[in-house]
Amino acid sequence: MSTSLIHYISKPHPVTGITNAKLGTWCFLASEVMLFGALFSSYILLRVGAPSWPHGSELLNVPLATLNTMVLITSSVTMVMSWASLAMKNFSKYRLYMGLTILLGIAFLVVKTFEYGHKFQHHHFPSTDTFYAIYFTLTGLHGLHVIGGILLNTYFLFPGSALWKTEPEQFTGRIECAGLYWHFVDLVWIFLFPTLYLL
Amino acid sequence: MEKYYGFGLPVDISTHGAEIDRLIYVIHIFMAVLFMGWLAFLVLTLVKFRARPGHEARHHVEHFKAPTYLEVFVALFEVVLLVGFAFPAFHKTRDVFPNRADALEVRIVAEQFAWNVHYPGADGIFGKTDPKLMGAANPVGLDLGDPLAKDDVTTINQFHVPVNQPVIARLSSKDVIHSFGIPVMRVKQDVVPGQTISSWFEAKKTGNFEIACAQLCGLGHYRMRGFFIVDSEADFKTWLDQMAPKPPAPPATAATTPQGAAA
Amino acid sequence: MQHGSQEEIQKQVRIYIAVFVALAALTVITVAISYLKLPLIPAVSVALFIATLKGSLVALFFMHLISEKQIIFSVLALTFVFFLFLLILPVLS
Amino acid sequence: MSHGEHSRELPFWRKYIFSLDHKVIGAQYAVTGLLFLLFGFCLMMLMRWQLAYPGQPLPWLGGLFNEQSMVGGIMLPEFYNQLGAMHGTIMVFLGVVPLAVGGFGNFVVPLQIGAPDMAFPKLNMMSYWVYFIGGVVMFASFFVPAGAAQSGWTSYAPLSDIASFGQTMWLFGMVFLITSSLLGSVNFIVTIVQLRAQGLTFFRLPFFVWAQFVTAFLLLLAFPPLEAAAVLQLMDRLAGTSFFLPTGLVVSGKLLEVSGGGNPLLWQHLFWFLAHPEVYVLILPAMGIVAEIIACNTRKPLYGYKSMVYSVIFIGFMSFVVWAHHMFLTGMGTKMSAFFQVTTMIISIPSIIILTALLLSLWGGSIRFNTPMLFATAFLPMFGIGGLTGLPLGLAAADIHLHDTYYVIGHFHYVVAPGTLFALFAGVYHWFPKVTGRKMSEVLGKIHFWLSFPLINGIFMPMFIMGLAGVSRRLYDPTQYAHAQPTQPLNVVISICAWLLGLAQIPFIINFFGSLFFGKKVGQNPWQATTLEWSAPSPPPHGNFETVPVVYRAPYEYSVPGEKEDFIPQTERK
C-alpha cells in the first residue's frame, strides 16, 4: 500500500503538531461551514424580503424539537466519551459509547420522521410556502449529514475497529476526526433549532 | 439617412450617454498605451536576451524602480477613473431621477419574447394591473374595471417616446430575467421578475431605433427585439391619441380602488 | 490532546459532563424565552446569543478547539472571514 | 526505499484504473480533461456555423443530428442554447479545472514538494471518479428528452427553474463536480502543509505550488455556496419550492402554480460567490505553470518571487469580495455598486504585479525558445489583454453599454483561452518528459504554436469590436438586430479562424500520442531545471524518489556566478 510511505498518519507533524487526518477533517468542516453559511444567508435574504413570516413555534412542534436537541447533545457527549475511552485504552467502553452514539443518532432520525410525517398528513409540503421550503431543505440536508455520520460511526464500530489491534494511535485519531464531524452536525442543529423553531 | 450602427460605438442620441462614451474612450486609450508599452518591452527583452553563443544569463538582476512607479500610477489612474468618471456617470443614471411632473412615465413589462409597453394615457396615472388577468388580449393584465385604466394605452414591441423629454421606465417581467437594452440610448437594465426597477433617459434626436434583450431568456432570446421610436412632440401626441381606446370600457367587473403609479 | 495522560483525560471527562449540563440548561432557557414572545429584534438577539454560546461550548470542548494548534485556527479564521462575506449577501438585496 | 517491485504486483485495474498513485490519477485527470476540452471545442465549432451563416444548413454533418437539434441541417435555437450552456460548463468545470488542478496539481505538486504521494491517496482516487461520474452525467444530458441544459453556464433562475429535464441533470452533474473539487482541495491543502520535504520552507516552494495552494483554498471555500444554490434549485425543480420564483409569474400566458415568495437574484449571488473565485481557480495554476517555465528557460531566478507570492495570496483573498461586479445592472444600489467597483479595481493591482514580475523575469536571462517557452511567453500579452479588458467591465457606468455583449466574451476568453489554455499547453510540453520519460517533438510543437497563436487572436480580437458595437451575447441569430448587422462579417472571420484553430490542434494530438511511443527518450532532468520533480527518475517510480529528498536552497538557483553548471538543484547542499 502506498499509504505506508506517507508520513504523519498516526503521529503528528513536528511543526504543525497535528496529523494529516485532523487537518483534512477541519478543512472539510470549513467547507461545510460555507455550505450551511450560504443556506443561512439565503434564509435571511428570503425572510427579510418576505411581506410576512410565520413564527416557527406556531407551525412546528417545539417540544418534539427540544427533545431532539437533547438527543443530539447527548449523542455528542457519548461520542466524545467514546474517544476518551480509547485515549484511556479502554476498548470495550469505546464500543459501548460508540453504540450509544449511533442509537441516539437513529433516535434523532426517528423523531424527525414523525415530525415530517405529521407535516405531510396536514398537507404541509416544501411547496406550501417559503417557510416550509426552507424548513424542509435545511432540516433535510442536516438529516442527510446525520445519516452520513451514523454510517461513518457504524463503520468504526464494526469493520473499522480492526485497526485498533494494529494501529491503536491511528484508530484513536480516526475516532477523534469522526467525532469532529459528529459534533459539527450537532453544532449546525444548535443553530437550526432556534432559527427555524423559535423565531 | 443617418447611419446609426457600424464598427464603433453605436450613435448616441441620449443626454447622458456622452459621459459613458467618454469613460469608454478614456479607459481604452489608457489600456492601449499600457499594453503597447508592455508589448514593446516584451519584444525588446525577447530579442535582447535570446540564448546565443557567448551570452549568459545573470543570476542577480538589479532592482527595478520603474514597475513600482507604474503600479502606483495605474492605481492612481484607477482612482481617477472611479471618482472622476464611473461614479458620477452611474450615479446620474441611477439616483438622479427627473421630476415626475416633467417626465413621461411608462411601464415596460417584459415576457418571453416581447416587450409590452404600458402608457398611463391622458390622466397620467396607470390603471390597476393583476397577473391573473394577463392573457394574449391583455398582455399587461390591465384591470379594465378600474376607471384609471380606461385611457391607458398598451402596445407590444412598439415603444414611442417624445424627443427632448425625460422618460421614466418602470421595468418588470412576467416570467424570467430579461435585460432592457437600447444601444443608442446607452441604456441597459436587467428586468427581474418580482421587482419593479426604474430607469430613465432622454432622447435628443428623433428616429427609429431598437430595443434588444441582453440577457438570455430562452429559445426566442435572439428575436426579442422591440422598436424604439423617438417622435417629435407633436408626432408623439398624434400617435398616442390614435392609440387611445375609443369605445367606452365595459362595466366594472370588480370593485377596485384607484391606485396611482407606485414609485 | 490525544497524548494526554490518564489523569488528564479523566479531568477532561469531568469537563465534558459539565459542558453537557450547561448545554441542556441553555436549551431549556432558550425554549423558555421563546414562550415569552419577545419582539423580533430582542428575540433574535437572545436566541442567537444562546446558540452562539452553546456552539462555542461544543467547539471549544467537544471539538477540542480550546487546546488546538495554530494551523487549525488559521484555517478557521479564514473561513470565518469568508463566512462574514457570505452574510453581506442579504444586505445586497 | 524503492517500491517499484511492489507496484508491479498490482493487477492492471489497480495500477491504471483504480490507482491510488497520484501520478496515475494526475494522468487520468489530464487525459479526461483534454478530451473534454476537445469535446467542448467541438460544441463551439458547431455554434460558429450558425453564427457565421445563420439559418443555413450545416454541410456534411447536418444529417447526423436528430430533429430535436437540427431540421434539414439547420440548427434550432433550443440546440444552440444547449451548445452554449454546455460549452461553458464543460470548458470550465470538466476541462480546464480538472486539467490545471486535477492533472498538473496532482502530478506535479507532490513531486515538487518532495512527497511520496498525496496525503490521502484513496480520497484522491475518489475525487477523480466522482469527477468522472459528473462528466458522464453532463455528457448523458445531451441524450435526454428535450436535450441538455440550455440556460447558459450561469443557469440564471427563473429560466433554469422552468427549463426542461436537462437542467436537472446539469444540477446533479454539478453536485458531483463540486464534491470532487472539495475532496481534491482538502487533499492539496493537507499535502502542501504536512508533506513538504525536510528543508522545504514555504518561501522555498516553487511558485506553482503556491498557486495550487491558494487555488485549493478557493475551491474549498467558494464551491460550497454553489452547492447550496444547486440544492435550492433542485428543490425548486423537484419538490416544487419557490426559492428563486417570485409571486405572480406568468409563463407562456399561464399563471405559474407555485407558492412564490422567492428571489431570482439569490441564485445570482450564490452563483457568483463561487464563480468569481472560480475565475482565479482557472488562472492561478496557469500563472504557476508559466512562472516555472519562464524561470527554467530564462536560466535565471524569477524577478520578485516574494511579491508574487504575496500577490497571489492577496488575489485569492480579494476574489471573494468582487462577485457582485457581475450584477451591476440587476438594480443594485449605487453605494453597493461603488463598493464592488472599488474592490474590482483593487484586485487588478496584484494581477498587474504578477504580470510585471513575470515580464521582468525575462530581463537579464538567456532565453531558450523551446515549445513550452513559446506558449508561456505568449501567455503574458494574452493574459494582459484579458486582464485590461476587464477594467471597463468593472466600472459600472461603462458596463451599462458593455454588459452581456461580445466584449465580455472576448474579455474572459482572452483570460482563459489564449491565457490559461496556452499555459496548460506549455505545461503539457514541459512536464511530458517527466510523465513518460520521452520528449514531445519540437517541430510539431512549434507548428502547433505558430498556427494557434494568430488564429486564437483572430477569434477573440474581433469580439471586442462587436461588443463595442453593442452586439449581445448568446444570440442564436445576430442578424435579427439592425445594430448587429454591420459587424456580421466579423462573425464569419471568427468562425473561419475557429475551424482553422481546430485543424491546428491536429499536430498536437499526433505529437501527444506519437511521443508516448516514439518520442526521444530523456533522463531525469532534460530541461536542466532546479525544482524537486526533476530530481526524481522519469517517469518517477511508485513513491517518487529514490532517496528521500532534503532541500537546501531556494527554488530557482539558475546561473549562480562561480558555479560550474548554470543550475543548482534544490537538493544540492550549500
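Annotations for the structure displayed:
Chains: A, B, C and D, in written order; residue numbering restarts at 1 for each.
The criterion applied here is as follows: a residue touches a chain if its C-beta (ideal position, glycine included) is under 8 Å from a C-beta of that chain, and two chains touch if they have at least 3 such contacts.
Everything numeric here is computed off the predicted structure, so don't read it as measured data.
Looking at C-D and B-D, the interface holding more C-beta pairs in contact is that of B-D.
With chains reduced to the mean position of their C-alpha atoms, the one farthest from chain D is C. Separating the centre of chain C from that of chain D, both taken as means of CA atoms, is a distance of 39 Å. Note: centroid distance chain B to chain D, computed from Cα atoms, is 32 Å. Chain geometry summary: the mean Cα position of chain A and that of chain D are 34 Å apart.
Look at where the CA atoms of chain A average out and do the same for chain C: the two points lie 14 Å apart. Counting partners per residue, chain C has 71, 75, 78-79, 82, 86, 89, 93 as the residues that reach two or more other chains.
Multi-chain contact residues of chain B, defined as those touching 2 or more other chains: none present. For chain A, the set of residues touching two or more other chains reads 16, 23, 27, 30, 33-34, 37-38, 42, 45, 49.
Listed by label, the pairs of touching chains are A-C, A-D, B-D, C-D. Those residues of chain A whose C-beta lies close enough to touch chain D in the complex are 1-3, 5-8, 13, 16, 20, 23-24, 27-28, 30-39, 42, 45-46, 49-50, 125-130, 133-134, 136-137, 141. Chain A meets chain C in the complex at residues 16-18, 22-23, 26-27, 30, 33-34, 37-38, 41-42, 44-45, 48-49, 57, 62, 66, 69-70, 73-74, 76-77, 79-81, 84, 87-88, 169, 172-173, 176, 179-180, 183-184, 186-187, 190-191, 193-195, 197-199. Contact residues of chain D toward chain A in the complex are 3, 20-21, 115-117, 119-121, 123, 182, 185-187, 189-190, 193-195, 220-225, 227-229, 231-232, 235, 239-243, 258-259, 261-263, 266, 269-270, 273, 542-543. Chain B makes touch with chain D in their complex at residues 4-10, 19-21, 23-24, 27-28, 31, 34-35, 38-39, 41-42, 45-46, 49-52, 55-61, 64, 67, 70-71, 74-75, 78-79, 81-82, 85-87, 89-91, 93-95, 111-112, 131-132, 134-136, 141, 174-177, 179, 181, 183-184, 186-190, 192-195, 197, 210, 212-223, 225. Of all residues in chain D, only 189, 193, 217, 221-222, 225, 263, 265-266, 269-270, 273, 320-321, 324, 332, 336 touch chain C in the complex they form.
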